[in-house]
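Labels run A, B, C, D, E and F following the written order; every chain starts at residue 1.
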Amino acid sequence: MDNDTLSFGLEISLIGMGVVFVGLLLVTGAITLMRRLDERWQAAERQGEAAALTAAPTIDSTTLVLLASAAATMVAGRHRIRFVRRMLPGEGAASAWSVTGRAVLQGSHVMSQRPRGN
Amino acid sequence: MDNDTLSFGLEISLIGMGVVFVGLLLVTGAITLMRRLDERWQAAERQGEAAALTAAPTIDSTTLVLLASAAATMVAGRHRIRFVRRMLPGEGAASAWSVTGRAVLQGSHVMSQRPRGN
Amino acid sequence: MDNDTLSFGLEISLIGMGVVFVGLLLVTGAITLMRRLDERWQAAERQGEAAALTAAPTIDSTTLVLLASAAATMVAGRHRIRFVRRMLPGEGAASAWSVTGRAVLQGSHVMSQRPRGN
Amino acid sequence: METLKDFLAAGALGNLSWGNLGMIVAGLLFLYLAIRKDYEPLLLVPIGFGILIGNIPYAAGMGIGIYEPGSVLGFLYQGVTLGWYPPLIFLGIGAMTDFSCMLSNPRLILLGAAAQIGIFGALWGALWLGFDTPHAAAIGIIGGADGPTAIFLASKLAPEYLGAIAIAAYSYMALVPVIQPPIIRLLTTRAERRIRMKPNRPVSKRMRILFPVVAFLLTAFIAPGAITLLGMLFFGNLLKESGVTERLAQTARNAFLDSITILLGLTVGASTQASRFLTPTSIKIFVLGAASFAVATAGGVLFAKLMNVFSSDKINPIIGCAGVSAVPDSARVAQLVAAEEDPTNFVIMHAMAPNVAGVIGSAIAAGVLLAALR
Amino acid sequence: METLKDFLAAGALGNLSWGNLGMIVAGLLFLYLAIRKDYEPLLLVPIGFGILIGNIPYAAGMGIGIYEPGSVLGFLYQGVTLGWYPPLIFLGIGAMTDFSCMLSNPRLILLGAAAQIGIFGALWGALWLGFDTPHAAAIGIIGGADGPTAIFLASKLAPEYLGAIAIAAYSYMALVPVIQPPIIRLLTTRAERRIRMKPNRPVSKRMRILFPVVAFLLTAFIAPGAITLLGMLFFGNLLKESGVTERLAQTARNAFLDSITILLGLTVGASTQASRFLTPTSIKIFVLGAASFAVATAGGVLFAKLMNVFSSDKINPIIGCAGVSAVPDSARVAQLVAAEEDPTNFVIMHAMAPNVAGVIGSAIAAGVLLAALR
Amino acid sequence: METLKDFLAAGALGNLSWGNLGMIVAGLLFLYLAIRKDYEPLLLVPIGFGILIGNIPYAAGMGIGIYEPGSVLGFLYQGVTLGWYPPLIFLGIGAMTDFSCMLSNPRLILLGAAAQIGIFGALWGALWLGFDTPHAAAIGIIGGADGPTAIFLASKLAPEYLGAIAIAAYSYMALVPVIQPPIIRLLTTRAERRIRMKPNRPVSKRMRILFPVVAFLLTAFIAPGAITLLGMLFFGNLLKESGVTERLAQTARNAFLDSITILLGLTVGASTQASRFLTPTSIKIFVLGAASFAVATAGGVLFAKLMNVFSSDKINPIIGCAGVSAVPDSARVAQLVAAEEDPTNFVIMHAMAPNVAGVIGSAIAAGVLLAALR
C-alpha cells in the first residue's frame, strides 16, 4: 500500500473533520445569535400573550363561520342544535381539503337536522 | 403569430367550454332526476327505519357468533367473562382480514380465560 | 390433447399435493413438539409471574430516568410538576427514534415549566 | 370543425362497443354486491369501480389506458404485472392474522392441505381443455381461493390471463356463501354436522413468537418457490407477535395494507377491458374456477371424514370447507351451516384453523408450480 | 491541497449565482407566508423548503440534483414528470370531499362550469404571446386553480414549463384572498351582495353513494381524457360514501394523501433551479396565470348574475367566485365578502357547491385539451 | 419422475450450503437479541428475518432471489441500491426529533463533531488494509453510527459492500451498550464522571421553527453533498415544528417512516446471501466498524475533557460518548454510566444534544466524502 494513498487519506480526513467542525460551529454560532434576538422577541411576546388570553379565538375562522351559519339555519328552521362535533386531530390539522371536508360535513349535519323531505 | 393559431385557439375554447357545460349540465340533470326518485325511496325508508329501530342488530353477525361462542365456552368451562373487548375503529371496518383478526383474537381471549396448561 | 400432457399433469398434481402435505405435516409436527416444550417453560413462567407481579416495573427505564430527571429539575428550580404526559400507543412502541422524541419532548416540557427567559 | 370531429372521434361515443357496455354493467353489479350485499366490499368496491374505469371507451394514443405505455394506470398496474402487490398484501395480512387457532389444534391444519386438491383438479381440467401447462397451473391456483397468491402466480406463468384469473378468484371468494353450503350438505350426514368439538386450548405468547419463524423455515425449505409469499406472510406475523415491533405491525396492517389493497383492486378491475377480457378463454377460466372451488370444498370435507375414521376425537366435517381459505368467509359459512343443525354448536374457532392453514397450503402449492414450470 | 481545491470547487461557494440567492429568498418567503400568514401551509411549506433544496448551488456530477440521472430527488420527481402523483392526490381528495352541497343545490354546479372560462382565456392569451398550442393549453390550465390538474396536464403537454406552471398555480391558489375580493366588488352591486339564499336541503345517504358512480360515467363518457383524474376523484369519494369501505377511505385521505402531498410539494419546489426557472418565459407564465384567475373569478360572478336574470330564486353572485375551485379558500372568500355587507348572511355552504363543481369542471377541461392536443 | 428430480434439484436440499446455515443461525441470533434483549428491535427484527429469507437455498432462475432480475425482493431492494430509502427515513426522523436539547445548550454540538473522527479513523485503517479510497470511505462511514447515512453513502461509493456495511452499522448501533461503557471508564476519572451540569434553558417555539431552516442552509452550503440527507432531515423537522403542518408530520413519522423501515430492514437482511456475504472482506469490514465505534466514542469523550480545560462551566465527559449518535442508545448509555457513580445525576437531557448533533455531523462527513470521491 503506497504512501500517496495514505497521504490522500490523511488529507481527506483533515478536510472532512475541518468541514464537519466548521459546519457545526456555524450552527452553534447561529443558534447563539438566534437566542439573543429571541430574548427580545420573547419580551414582546409575553405582553402579547397577556392580550391574547383575552382576545385570542379558540377555533379557526371557518369553523366559527360554520357554527354561526349552523346556528342561523337552526333558528331559520326553528330547530335546536343537537350536537357540535369536535374535530379529530387528523382532520383538525389546517388542511385545505380537510377544512372542506369539515365545512361541508358540518354543513350537512346542520341540514340533516331539518325534517326529511321538506 | 398567425391567424390560424388564434382561430384554432378560439375553436378549441368553444369546444372546451361547450364540453365542460354539457358535462356539468348532464350531472345537474342526473342529480335532479335522482332527487325525484329519492323522495319516493325515502318515504319507504322512513317506515323501514321505524321497524329497524326495534329489529336492527347493533353488532355484525360474526361478532355475535363469537360472543355467543365465547359465552358458551365460558359456561362449558365454568368461567366468567372477564371482559368483552370493544372493536377499535380501524379493526371495526368490515375488512375480511380484520374480521379474521377479530375472530381469532376474541377466540384466544376466551381461551386465555381458562387456567393455563389444562 | 396428448397423453404426455395429461400424465405430466397427473405427475405434477401428485408432487404438488405431496409437497403441500409434507410441508403442513412438518408444521403440525413442529407445533406439537413446541407445545411439549412450552408446557415445561410455562411452569417456570407461572412462578416467574408471581415474582413479577411484585417486582415488574410498569414503565420502561428511559421513561423512568426521564421522569426522575424531570422531578430533579423541578426540585432544582423549585417548581411543581404540572403534568406527566402519558405515552401514546404509537409513540409507546419501543422505537429508538420515538424514544428520542419522547426523551427530548419530556425534557422540553420540564424546561418549559421554568419561567421564561431565565 | 375538424377539431370538433377529431374530438368526438377520440370520445366515448366514437369508440363505444357492446363489450364495454356489458363490462360496465358487470362493474355496477360488483358495486351492488359489495355495497348492498356486503360481499367482500374491501375487494369488490375497488375492483368494481376499476372495471368502470377500464371500460370507458376512448381513442388510443392519449396515454390514458392501463395498457398504454406511459399511462398512470399502466404505471400503477406494474405492481400487479411485476407481482409485488401480492407479497406486500401478505405482509399486512400476516400482521393481522392470529394463528393461535392453528397452534391450539394442529391436526386441523391437514384439512387446509386436503383442500388444495381443488388447485390440481382445476389444473388437470385446464390441461384437458387444451391449455398449456403453465397457463393451466395459473388457472388451477384459482382453487387456492387466495387473491394475492393467484395474482402472484398468474403474473409469472400466465400474464395474458391475469385479469380473468384475478377476477374469477375474487368473485368466487365473495360467493363462497353461495357455493359451499350445498356441497357440504351433500357430503355429510345430519349426525356428522351435529358433532361438537372440544374447546381450543390456550396458546402461550412464546409459541406465537416462535411459530412464524419455525413455520417459515420448514415451508420455505420444502418449497423455495413460495419464499416471497410465505416470507412476507410470516414476517408480518412476527412483527405482530414479537411484542417489540407493534408500531411496525400497526402500520403494516393498516395504512400499508389499505394502500396496496386500493391500488391492486382498482388496477385489476381496470385491466378488464372488454376487447381483451370478453373472450371464450375467460369463460373457460371462470368455469374451471367454479369447479376448483367445488372440488376444494369437497376435498376438505371428505378428508375430515377420513380423519374421523382413524381418530376417536371426532372432527365436525363441516369445518373442512374452511380449508379453501377465502378467509374468513368460508369459516363463517362453516359456522352458519353448523348452526342450522344445532344453534348452540360453535365451530367457527375450530374452522379458523384450516382456514388460515389453507392460505399457507395454497402458497406452498404456488411455490411448487412456480419451481416446476418457470 | 488539490483535494481541498476540488472540494471547494464542488461546494456552494464555488457555484454560487445571484439566481440561486433570489430563489432561496423566494423559498423563505413561501415559508413565511405559509407559517405566519397560514396561506395553504400544507402546500407552501413543502414547496418552499423544496425551493431551498433545489437552489443550494453545487457542482454537477455528484448525483444530487433533481435533474441529474440517478439522484434521489430525480427519482421522487418522477411522480410529477410521469404524472402519477396528481391522480393519487385526487384519490385522497375524493375520500375527503363531501359533495352533498352540490347534491342539495344542483343548479349552482353551473357556476363551476362558467369559471372555467379562465382556462381558455389564458390559453388564448398564451397563443397571442406566441406559445405553441400544447404549451398554451398547459399554461391555461393554471386558471383551473387546481394544483394536481395543472401538474397532470403540464406533465403531458409542456414538461419543460412544469415547474413554473405548478408554482404559479399553487401561488395564486394561496393568494385568492388577495385576488378575488376587488373583482367581486367591481362586478356586483351592494344589493346583489346582500342577497340571502334558501338554506340547503337534506341529502340522503343513497344519493351520496349513487353520485360518484353516476357522475363518473357521465363526465368520463363526455371527456375520456379526464378518466384518470375523475376516476380517482370519484373512486375516492365512493370509498368514503359507500359505508362499507371506511377503513380504505381513512387511509386514502390520511396517510396516503399526506405522503403524496409531501413528496409532490417537495419535488415541485426542488424543480425550480434558478438556471432553469428564472427565464422570461416563467414571467410570462406568471402574468398569464394571474390573468386567468381574474377571468375565472369574473366568469363565475357574471354567470351568477346571468342566471338571476332567468330565475326568480336569486343567487348571491358573490358565490360565483368559488367556481374557480382553489378549494376551500375561494368559498371562504365568498363568505368573508358577503359578511362585510351583512354579517348575518352565511353563503359558505352555498359557495361550496360551485367550489367542488369547479374541480370537476377543470378536470373535464383538462381532458378535452389532452384529447385535442396529445 | 424427471419432474420430481427437477423439483428436488430446485429445492432447498438440492442447494444447501454451510454458508446458508451459518447465516440462518446469524439471523436467528438477530431475532433473539431484538425480541428477548430488546436491542433496537425495530431494526433487528426486519433485518434478522430478512437474513432468513435471503439464505433459504434454492435454484436460480425462478425469479425469487433478491439479486435475480424481475424478482419482487430485487424490486424492493432498489430503494437501497438506488439510495432513496435512507433520505425518506431521515424525513420521518426529522418529523420525530426534537432539537431543543441542542438549541438550549449549543456548545454541546461540538461533541457531535468530535465523534466523527471515528469515520476518518476507520477510513484510514481501510486504506491501510488495502481498500481503494471510495470503498474505504464507505467503510469509514460505519463510524457515523447512522444506518441510513451509511447505506446512502455505501450505495454510491461501494455498492458491492453495501450489505456488509449496513449490517455492521446496525449491529454495532445495537451493541453500543456493550461497546461504550468500558471506553468511557478508561478515559475518565471518577471525579469527572460525577460532574453535574446546569439544567437546560427553555427554548421558544420560534427558535424551533427557525432552526431547521437556518441549519439546513448553513450545513448545505458548506457540504452540498449532504443536501439529500440533511434536506430531508430538516424538512421533516420543519413539518413537525411549523405548527401548521402537523398532519403531514404525523404521517411522516408514523405510517411513512414505518413502511420504509420495514422494507429497508427486510431487504438489507435479505441481501446477505452467504455466497456474497461470507467473505474475508466482510470480516475486515466488521473489524474496521468495531474500531470506528471505539475511536468515535473516545473522540467524543476526550473532546469534552478538552473543552473543560478552556471552560469554567464544566461538561460531564461521559456525554461525549453520545456524539456517535446511534440515537438514542448512546445517550442512554451516558445516563447509565453516570448513574453508576451518582444515581441522582441525570445527564440524559444533556447527552441528547451531542446525540442528535452527531446525526448532522455524520451527514456532513458523508457529504464531504461523496463530493470528494464521486
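By our rule, a contact is a pair of C-beta atoms (placed from the backbone, for glycine too) under 8 Å apart; a residue touches a chain by one contact, two chains touch by 3 or more.
Predicted model, so just to flag it, every value in this text is computed and none were measured.
Visitor: Where each step is a move between two chains that touch, what is the least number of such steps from chain A to chain D?
Guide: Between chain A and chain D, the shortest chain-hopping route counts 2.
Visitor: Give the label of the chain whose average Cα location is farthest from that of chain C.
Guide: Following the centroid criterion, the farthest chain would be E.
Visitor: Any idea how many Å lie between the Cα centroids of chain C and chain D?
Guide: 30
Visitor: Suppose each chain is reduced to the average of its Cα coordinates; what separation in Å results between chain C and chain F?
Guide: Distance between chain centres: 21 Å.
Visitor: Where in chain E do residues touch two or more other chains at once?
Guide: Within chain E, residues 3, 7, 38, 41-42, 222-223, 244-245, 247-248, 250, 254-255, 368, 372 contact more than one other chain.
Visitor: At which residue positions does chain A touch at least two other chains?
Guide: As it turns out, chain A has residues touching two or more other chains at 8, 12, 15, 19, 42, 90, 93-95, 98, 116-117.
Visitor: Would you mind writing out the residues of chain F in touch with chain A in their complex?
Guide: Listed in rising order, the residues of chain F that touch chain A are 102-103, 106-107, 109-110, 112-113, 116-117, 119-121, 123-124, 127-128, 130, 132-133, 136-137, 204, 206-207, 210-211, 214-215, 218-219, 222-223, 244-248, 250, 357, 360-361, 364-365, 368-369, 372.
Visitor: Tell me, which parts of chain F touch chain D in their complex?
Guide: It comes out as residues 3, 6-7, 10-13, 24, 28, 31, 34-35, 38, 41-42, 45-46, 49-50, 52-53, 56-59, 61-64, 70-73, 75-76, 254-255, 258-259, 261-262, 266.
Visitor: State the interface residues of chain D toward chain F in the complex, per the touch definition above.
Guide: Result: residues 82-84, 87, 91, 156, 209, 213, 216-217, 220-225, 227-228, 231, 234-235, 238-239, 242-245, 247-248, 250-252, 254-256, 368, 370-372, 374 of chain D touch chain F.
Visitor: For chain A, which residues count as touching chain F in their complex?
Guide: Contacts found on chain A: 1, 5-6, 8-10, 12-13, 15-17, 19-28, 30-32, 34-35, 38, 41-42, 45, 89-90, 92-95, 98.
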